[in-house]
Amino acid sequence: MTQRRRLSNTQNSPQSRQQPGTLMAQEEDDDSTFTQPSTSQVQRGLEKLTPAQVEQKTAEVVQYFLVKDQKKIPIRRADLVKHVVKDYRNIYPEIIKRAERTFDQVFGLKLVEIDTKSHSYILINKMEPVVGASIINPTNPKMGLLFVILSIIFMKGGLVRENLIWSTLKKLRVDPGEKHEEFGDVRKVVTDEFVRQRYLEYVRIPHTEPVEHEFRWGQRADKEVSKAKILEFMGQLHEQDPQSWSQQYREAHSTPSSSQASTSSQR
Amino acid sequence: MSRQMGDSHRRFLQTMMVSGIVDEQEARTLYKHCCETHNTQCAPDKLDDFIDTINSKLQPMFMQIRKGMSEDSGQQYYALVNMSETEVTRMSSDYADNELELFRKTIELIMGAENGKASSTDILNSVDSMTTKKMKKSETEHLLNRLVHDKWLCEKRGEYTLSTRCIIEMEPYIREMYQDQVKVCHICHNIAFQCQICENPTCGIKIHNPCVARYFQGRAEPRCPACDDFWPHEIPEVRRPQSQSRR
Amino acid sequence: MSDSPLIRTSGDNEAPRQNGYAGRGRGEQQQNDGDDGDGAFGPADLQDDEGDPSLRREIRSKYRDLINSVQQNREDMLSPSNNKLTEVLEQANKLFKDVRQAREAALDAQLLVVATDLGKEKASQLFVEGTAFDPTAFAEHLLSFMGLNRLEDGEDADAWHRVARKAECCFSTAPSFHYMMGSFHAEPPPPKQRIERQRKAPTKEAKRIMPTQLKKMEESHQEATEKEVERVLGHLKRYYQDDPESPIYYYEFVIDPNSFSRTVENIFHTSFLIRDGWARMYLDSAKLPCIAPVEEGEVEAGGSTSRKQCIISISPKTWKELIDAFDIRDAMIHPNTQH
């Protein structure tokens, strides 16, 4: 047999960008390698850098937050330091402070640390939503789905079994077992996407056979979603005074920071 | 004019982030809306100043609200664009690597085509020469729909063109990457895909259809602005800017 | 628990959630006949000969239906606006009158566990101050808000957008920034290849004529051709199996550097492989045509999807040029020595 000659073999290996929708499992937190520098360390670090350098790094960090926020998955400090801050880690607090200022003054956004253990950040909007503002804005139907789920959880006292969510969605013609025209794999969107975005928590109920889970609000929902406004909508929907749900009303109008009050029947 | 951003600017910018692109009429409406919401002064002729203020603050992040023309209607549009390519910007997760490769191949096809269009069949066939993960036919179709939905491509009867948003944002990239293929409009000097070409072989200048309409408006015998040969193409009507949007 | 109409004995309270029958006489041996895996155990003192097997089967099946209906319709039963739970319990009471043996009793207990759990939740609603939230009513209100008619199954494309618009007022979500420029590595397009002339578009005339010509030849030499085509396919498959990673260049494959006419024959035979879906052709990153056998599983999936015609023309001159360009020294398709 004749040997075969090949002109070139430039078969590029597929690059390792993730497919949209699939996300790598949360890596082991390598945040331990990062220790928050002290004020004096920051001071010394700043002296060695020109203002332009610090500004540029800040802009990169802002850019990074914006890019990563496309998927609404919280941004971990460890990743931020590894991918962007890099050699500037000794002035990390200063850079974050400046990035916060840029978000505030240019974008009207707020950078919030949601998890002080894993140090993750999310961006939330500081501007009041304006009724009728969506003159041109397209809407994302998934937000509607999320809204319904969060409403049920809140109205049921902060904790619900998954069955309640699935059966209510079924009544709304969204079958978690079927591919939905608008949401695709509904179960995945709800128990995976919303969970990774920290809108929802989805936890297994112990000692159930078959396995059952329950839902509660995630950290992002706590920061981003107004219970008072949900209740207001409930009032409109049921043609009922929002105050008639007295427990929910009290919770919605208590201090927004401590909104975690699970009153539901825990077995 | 104050260079400091206020809430009205921030609201305008946020809406641009959500929409990506708005036409001039929408931009004016939005400008007015933002000013009214935050009780600031709104001068109808100051829209571009208003946007300049935003741009001056976006500059460090290599972002910009940029103005451009629709090749289709000749209307002005405003698009929020990214201007840099860095390690950070490449982390964008809207499209996967192979999806971006196919998008680039589509640009290649469009650049190589006389009429600035790529047929869906040609795009589907170009999948075969992909170096990243190949796509199935259904995946390719889904991607093309998404690109149209996200306002990067336009589709008409199975033929794809670059959208106004895409041209506004990608113009520098296209000029640099396709130096010897890029066509430039003789009238407005922007890059041109949908255009008329002078048939004089020694001339061959290009003019956008809307620019043709404006340039030859009211002239009895259209002649090429460069070589003065007879302009043999049909002269389109000048379209009055309307509030109905076309992207 | 003890006020439930189902309770007639007090078990030791170890009852697990499922199959939770704890019998009166403890510790007796299992008499599980295992016919449907309920895992019930049967204390001996419940056994007597009264059990009519078909009656027992019927009772069991009714119990299972009840258990199922409680589990499936849990949320409806929880609704304060109905008495379904009571109805279920009453039915169970009737059933229990005929229960004589442990397996049926176990099912009774299982139903009890499920029902108690539900009853507890239902009761907890009564203690809520103010109005209780009723998800069923909520869903109905929401359906009409979405513009979906309860009776029709039709989809309204706008339905979820309507909810989403409402949601936007309750969410302070940050808008996100999307762009195309900068999301991929800017690299100039691949340079145009020298072997350009091969890609010259055939005239419409040629396109129309070629396929009919092929057909005629195919008819006259059908058998011989078929054999040859198979032989060529055999070659192609072997080369591919030797090294599936590297592309097989079409011209390397078909060109016989020692014979122009054999080259033409090879091109001809290879065209059948393509037409019949045994092999596919594609352009590699440098726009060079490559050929590969279609694997078994692929035939159906990719067979009819992207059909495309192309005409290969070759003259002795281009044949020589290709031999030089690809530096071809040997034929990949060996000349047929059998005739």
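Letters A, B and C name the chains as they come in the text, with residue numbers starting at 1 for each one.
Note that in this section a contact is a pair of C-beta atoms (placed from the backbone, for glycine too) under 8 Å apart; a residue touches a chain by one contact, two chains touch by 3 or more.
To keep track of the chains, here are their UniProt names: A = MAGE domain-containing protein; B = Non-structural maintenance of chromosomes element 1 homolog; C = Non-structural maintenance of chromosomes element 4.
Just so we're clear, the structure is a prediction, and the values are computed from it rather than from any experiment.
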Most distant chain from chain C, judged by the mean position of its C-alpha atoms: B
Contact-richer chain pair (by C-beta pairs counted) among B-C and A-C: A-C
Whole-Å gap separating chain A and chain B, where each centre is the average of the chain's CA atoms: 32
Centre distance in Å when chain B and chain C are each reduced to the mean of their C-alpha atoms: 39
Cα-centroid distance, chain A relative to chain C, in whole angstrom: 29
Contacts with two or more other chains, residues of chain A listed in rising order: 11-12, 66-67, 70, 107, 125, 127
Set of chain C residues in contact with two or more other chains: 175-178, 285
For chain B, residues contacting two or more additional chains: 14-15, 18, 86, 89, 92, 94-95, 97, 131
Residue numbers on chain A that touch chain B, as the complex places them: 11-12, 14-15, 17-20, 55-56, 58-60, 62-64, 66-68, 70-71, 83-84, 102, 105-108, 125, 127, 130, 133, 135-138
Parts of chain C lying in touch with chain B, wherever the complex brings them together: 175-189, 282-285, 287, 305-306, 308
Contact footprint of chain C on chain B as seen in their complex: 14-15, 17-18, 20, 63, 80-86, 89-90, 92, 94-95, 97, 100-101, 103-104, 108, 111, 121, 124-125, 128-129, 131, 137, 150, 152, 166, 169-170, 172-173, 176-178
Chain C residues within the chain A interface of the complex: 17-18, 74-76, 117, 120-121, 124, 128-131, 133, 135-143, 145-146, 148, 153, 155, 160-178, 239, 242-243, 245-249, 252, 285-286, 288, 326-332
Chain A residues touching chain C - in the complex, by the definition given at the top: 2, 4-12, 66-67, 69-70, 72, 107, 109, 122-129, 131, 134, 139-148, 151-152, 155-157, 163-164, 167-168, 171-173, 181-182, 207-209, 224-226, 229-230, 233-234, 237-238, 240, 243-249, 264-265, 267
